[in-house]
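First chain A sits with chain B, and in the next complex the same chain sits with chain C.
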Partner chain A sequence: MFFKCTGYKMSEIFNKLYLYFQFPFVYYAMIAGILIALCSSLLGVTLVLKRFSFIGDGLSHVAFGAIAIAAVMNLTNQLILVLPVTIICAILLLSSGQNSKIKGDAALAMISVGSLAIGYLILNLFSKSSNLAGDVCAALFGSTSILTLTITDVWICGILSVLVVVIFLLFYHKIFAVTFDEDFMTATGVKAKTYNLIMATIFAVVIVLAMNLVGALLISALVIFPALSAMRVFKSFRAVTICAVIISVICATLGILISILAGTPVGSTIVAVDIVCFLIFSAAGKLKG
Partner chain B sequence: MTKSEPLITCQNLTLGYEGKIVISDLSFIVNKGDYLCITGNNGSGKSTLMKAILGLKPPMSGRIILDGGLAAGEIGYLPQQTMIQKDFPATVREVVRSGLLNRLGLRPFYNAAEKAMAEDNMKKLGIDGLAGRCYRELSGGQQQRTLLARALCATRKILLLDEPVAGLDPQATADLYTLIETLNHEGITIIMISHDVDISSGYATNMLRIDENK
Partner chain C sequence: MKKFALIIILMILITILFTGCNKSSEGIIDLTILSSTMVYGEINNIMTTPEDYLGRRIRMNGNYYALYYDVTDSFYHYAVIEDATSCCQQGVEFILSENYAFPDDYPTETSAIEIEGVFDKYEELGEVYYFLAVDSIKF
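Entry: the complex of A and B
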C-alpha cells in the first residue's frame, strides 16, 4: 500500500515537473539559477575569511537603490545603471574599509541604509506601477522575479557568469594568497590592492546577478552558506572552493524545483535548502572530528 | 667578514600612528649577511619598525633606503602570529606556494620549476611530510616552519622575522633558532625581533634595542 502510494506520488511529481519544463520561462529560471549559484559561491570563502560578508548586505542595498532609480527612469535594461553603480560602491567600500575598521563600518552603514531608504522613497514618489508593494517585495526577496526572465536576461546572465568564472580561475592563486595574508603579499611586492579591487568587482557583478534569483536581502545567504558548509568538512582552500560550488549548485537546483512544485518563493526556498545543507555538513564535520 | 655592503639604510627614522610618535630619530644600517636582532619591551615599536622596512607603513619622517638589488619583491617576511586567520582552510603546500606569488606577474598558474622550489623549501625546513596537512591543525612550531618556507619561496636575500619563537616550547624554539642560523650561514640576511635577549644574542651579529620614549 505504502509503496504504491509513494510510487504514484513520485510519478505525479515528475509529470508535474515535465509539464512545467515545457514552458521556456521555467528552464530559463533553471539555467540562470544554476549559473548564479555557481558564481556566488566562488568568492564565498574569501568573503567569509576576510570578514567581508557584511559588505554583501551593503552592496545589495545599493543595488536595490539603483534598481529603483532605473525603474523610475524607465530603462529597458536596468543593468546599464545597476552594474556600474554597484561596482563603484564595492570598490569604494573595500578600499575604505581596509585600514580603519570603524570608519569603514560607518561608511558602509550609511551607504547601505541610505540607498535602501532613497530607493524606496523614489519608488513611492515616481513609480507608476499599480503593485508597488509587490515590486518592492520582489526586489527585496526575489519572490517570483526569476520566473519572468527573458531569453536576453538569460544570455546576459550567462555571459556575466562565464566572465566571473574565468576571472576567478585566472586569479585563483592571487585570490588565495591575498585572502590568506595580505601584509605578506604587499611586503613581497605583490599588488594586493589591485587584487582586492578585482575581487570587489567580481563580487559586485555576482550581487547584481544574484538580485534576480534571491533578491537584495538574501544575497549574503546565497554567498556565505555554501562556503561555511564546505569549511566544516574540507581543509584545503581548493577542496573548500570546489565543494562550495557543488553545494551551491545542488541547493539552488533543489530549491528551484521545490519552489515550482510547492509554489513557494524561489529565493527563500533556495536559502532554506542552503541552511539545511549547512546543518548536515556541520553534523558531518563534528562526526569527522 | 667580507667588505660590508649596506642592504638597508635607515636615516633619522620617525614612525608613529596618527600623530602619536612611537619611534623617533632612529638611524642604522643592515649589511649583507648580517643577523640583526631587535629587542625592546612590548609596545616599544618593534613590529612598527619592521612594517616600515617592508613598506607597509610609511615613515612620518626620515628615509629607508633599500639597496638597488633589493626590490620590494625580495624581502621575505614572517609576521607576528596574530593576523593569520585561525580558521583558514589551507594546506601547508598551499601556504608555502603562496610565497611564490611575486614571481607570477601576469601568469595565472605556477610552473613546474616554481612548484619544485616550494617542495625544496618544505624539505629544507623538514615539513615535506606535512605538505597535505591542514595549516590550522599544526603545532605552533610546524606553523612557523610553514611560514618560514613561504618566506624562503619569496626571497633568497633577506628575511624579516617578527617574534618567530613566541608561544613555542623550548625544544621547538631551539630548533627554529638553529634553522635560522643555518639560513644565515647560507648567506641570507636576517632581521629578527625577539624577546629573549640572552638566547638570541648568541646567534646575532648585531643587536638593536628599542626603548620607549627615546
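Entry: the complex of A and C
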C-alpha cells in the first residue's frame, strides 16, 4: 500500500515536472540558477577561508542601492550601472588593508547599511512604480525574479559565468596562495593586491548575478553554505572546492524544483535546501571523525 | 582541476544552447493546474510579451477587482494573482461576453474567480491594452 501510494505520488510529481518544463521560463530559471550556484560556490571557499563570509551581504546591499538608482533613471539594462558600482565597492572593500582609517568590518557595515538606506530612500522619493513595496520585496528576497528572465538575461548570465570559471581556472594557483598566505606571497614578489583585485571583480559579478536568484538578503547563504558543508567532510582546498560546486548546483536545482512544485518562494527554498545539506554534511563529518 | 573546470564550461555552453530548443505548446494555457510560483511566472510572460499570446485560449484563477475610470466612464475588470512571497501582484484585465450584465452577473469584489477565454487586444485613448475575452466565469 505504501509503495503504491508513493509510486502514485512520484508519478504525479514527474507528470507535473514534465508539464512545467514545457514552459520556456522554467528552462531559463534552471539554467541561470545552476550557473549562479556554480559561480558563487567557486568563490565561496576562498571567501570563507579569508574570513570574508559577510562581504556578500554588503555587496548585495550595494547592488540594491545601484538597482534603485537605475530604476529611477529608467535604465532598460540595469546591469550597465549595477555591475560597475558593485565592482568598485568590492575592490574598495577587499583591497582596504589593516592600515586604513576605517577597519574592514566597520567599512563593510557602513557601506552595507548605507547603500540599503539610500537605495530605499531614492525609491521612495523618485520611483514612479505603482507597487513600490513589491519592487523592494522582489529585490530583497528575489521573489520570482528567476522565473521572469528573458533569453537575453540567460545569455548574459551564461557569458559572465564562463568568464568567472575561466578566470578562476587561470588564476587557481594564485587564488589558492592568496587565500592561505597573502603576506608570504607578497614577500616572494607576487603582486597579491592584483589578485585580490581580480577576486573582488569576479565576486562582484557573482553577487550581481545572484541577486536574481535569491535576492539581496539571501546571497550570503548561497556563497557560504556549500563551502561550509564541503569543509565538514573534506580537508584539501581542491576537494572542498569541487564538493562545494557539486553541493551548490544540486541544492539550487532541488530548490528551484521544489519551489515550482510546491509554489514556495524560490530564493528561500534554495537556502532551506542548503541548510538541510549543511546539517547532513555536518553529521557525515562527525561520523567520519 | 583543469579537467573539472573544462567539463563545467562545456556544460554551461551546452545548457545555454539548449535554451533555443523549447517546445511552443499549442491549445489552451491552463493556469489553474499550475502552482502559484508557476502561475506568476507565466502571467509575467503574458504581460511582458503579450503579442505572443494573442488568440490563445487561457484559463486562470484569481481574485476579482473592478475599477471605474471617469475619463471613459467605464468599469474595467481584473483577475489579480499574487506571487509566492505575497509581495508582488499582477492583474489580467478581462471582458465578459454580452450575456453577462454588470453588476448583477459579476462576482463580488476580491472574491476568488476562475475565468476562461481568448487573449485579445483593444485600443483606447491612443494606447493598446490586452485583455481576456471571457466566455466562462466561475465564482
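The criterion applied here is as follows: the second predicted complex is superposed on the first by the 283 of 289 C-alpha atoms of A that agree within 3 Å, B and C clash if a C-alpha of one lies under 4 Å from a C-alpha of the other, contacts with A are read in each partner's own complex, and residues count from 1 in each chain.
In the analysis below, contacts are C-beta pairs under 8 Å (C-beta built on N, C-alpha and C of every residue); 3 or more make two chains touch, one makes a residue touch a chain.
Here the structure is a predicted model, which is why all the values come from computation and not from measurement.
**Q** For A:P24, is the partner it touches chain B (first), chain C (second), both, or none of the two (neither)?
**A** A:P24 sits against chain C, while chain B stays out of touch.
**Q** With both structures placed on chain A, which of the two partners, chain B or chain C, ends up touching more residues of chain A?
**A** Counted on chain A, the partner with more touching residues turns out to be C.
**Q** Which holds for A:T148: it touches chain B only (first), chain C only (second), both, or neither?
**A** A:T148 sits against chain C, while chain B stays out of touch.
**Q** Of the two partner chains, chain B (first) and chain C (second), which one does A:G134 touch, if any: first, second, both, or neither?
**A** second
**Q** Which holds for A:D181: it touches chain B only (first), chain C only (second), both, or neither?
**A** After superposition on chain A, A:D181 lies in contact with chain B alone.
**Q** Contacts for A:K9 in the overlay, against chain B (first) and chain C (second): which applies, first, second, both or neither?
**A** neither
**Q** Just to be sure I read the superposition right, which of the two partners does A:S236 touch: chain B = first, chain C = second, or both, or neither?
**A** first
**Q** After the superposition on A, what does A:S259 contact: first (chain B), second (chain C), both or neither?
**A** second
**Q** Between chain B (first) and chain C (second), which, if any, makes contact with A:V245: first, second, both or neither?
**A** second
**Q** Going by the contact definition given at the top, which residues of chain A touch chain B in one complex and chain C in the other?
**A** 169, 172, 238
**Q** Give the list of chain A residues in touch with chain C in this complex.
**A** Within the complex, chain A contacts chain C at residues 19-20, 22-29, 31, 34-35, 38, 131, 133-134, 137-138, 141, 143-144, 147-148, 150-151, 154-155, 158, 161-162, 165-166, 168-169, 172, 238, 241-242, 245, 259-266.
**Q** Quick check on the complex: what are the chain B residues that touch chain A?
**A** So the residues of chain B in touch with chain A come to 51, 54-56, 71-77, 79, 83-85, 87-91, 94-95, 97-99, 101-102, 104, 108-110, 132, 134, 136-137, 150-151, 154-155, 160.
**Q** Mind pulling up the chain A residues that touch chain B in the complex?
**A** Going by the criterion above, the answer is residues 45, 49, 169-174, 176-177, 179-181, 183-190, 231, 234-240.
**Q** Chain A touches which residues of chain C in the complex?
**A** Answer in residue numbers: 1-2, 4-5, 8-9, 12-13, 15-16, 18-19, 22-23, 25, 33-38, 40-42, 44-45, 48, 83-85, 87-89.
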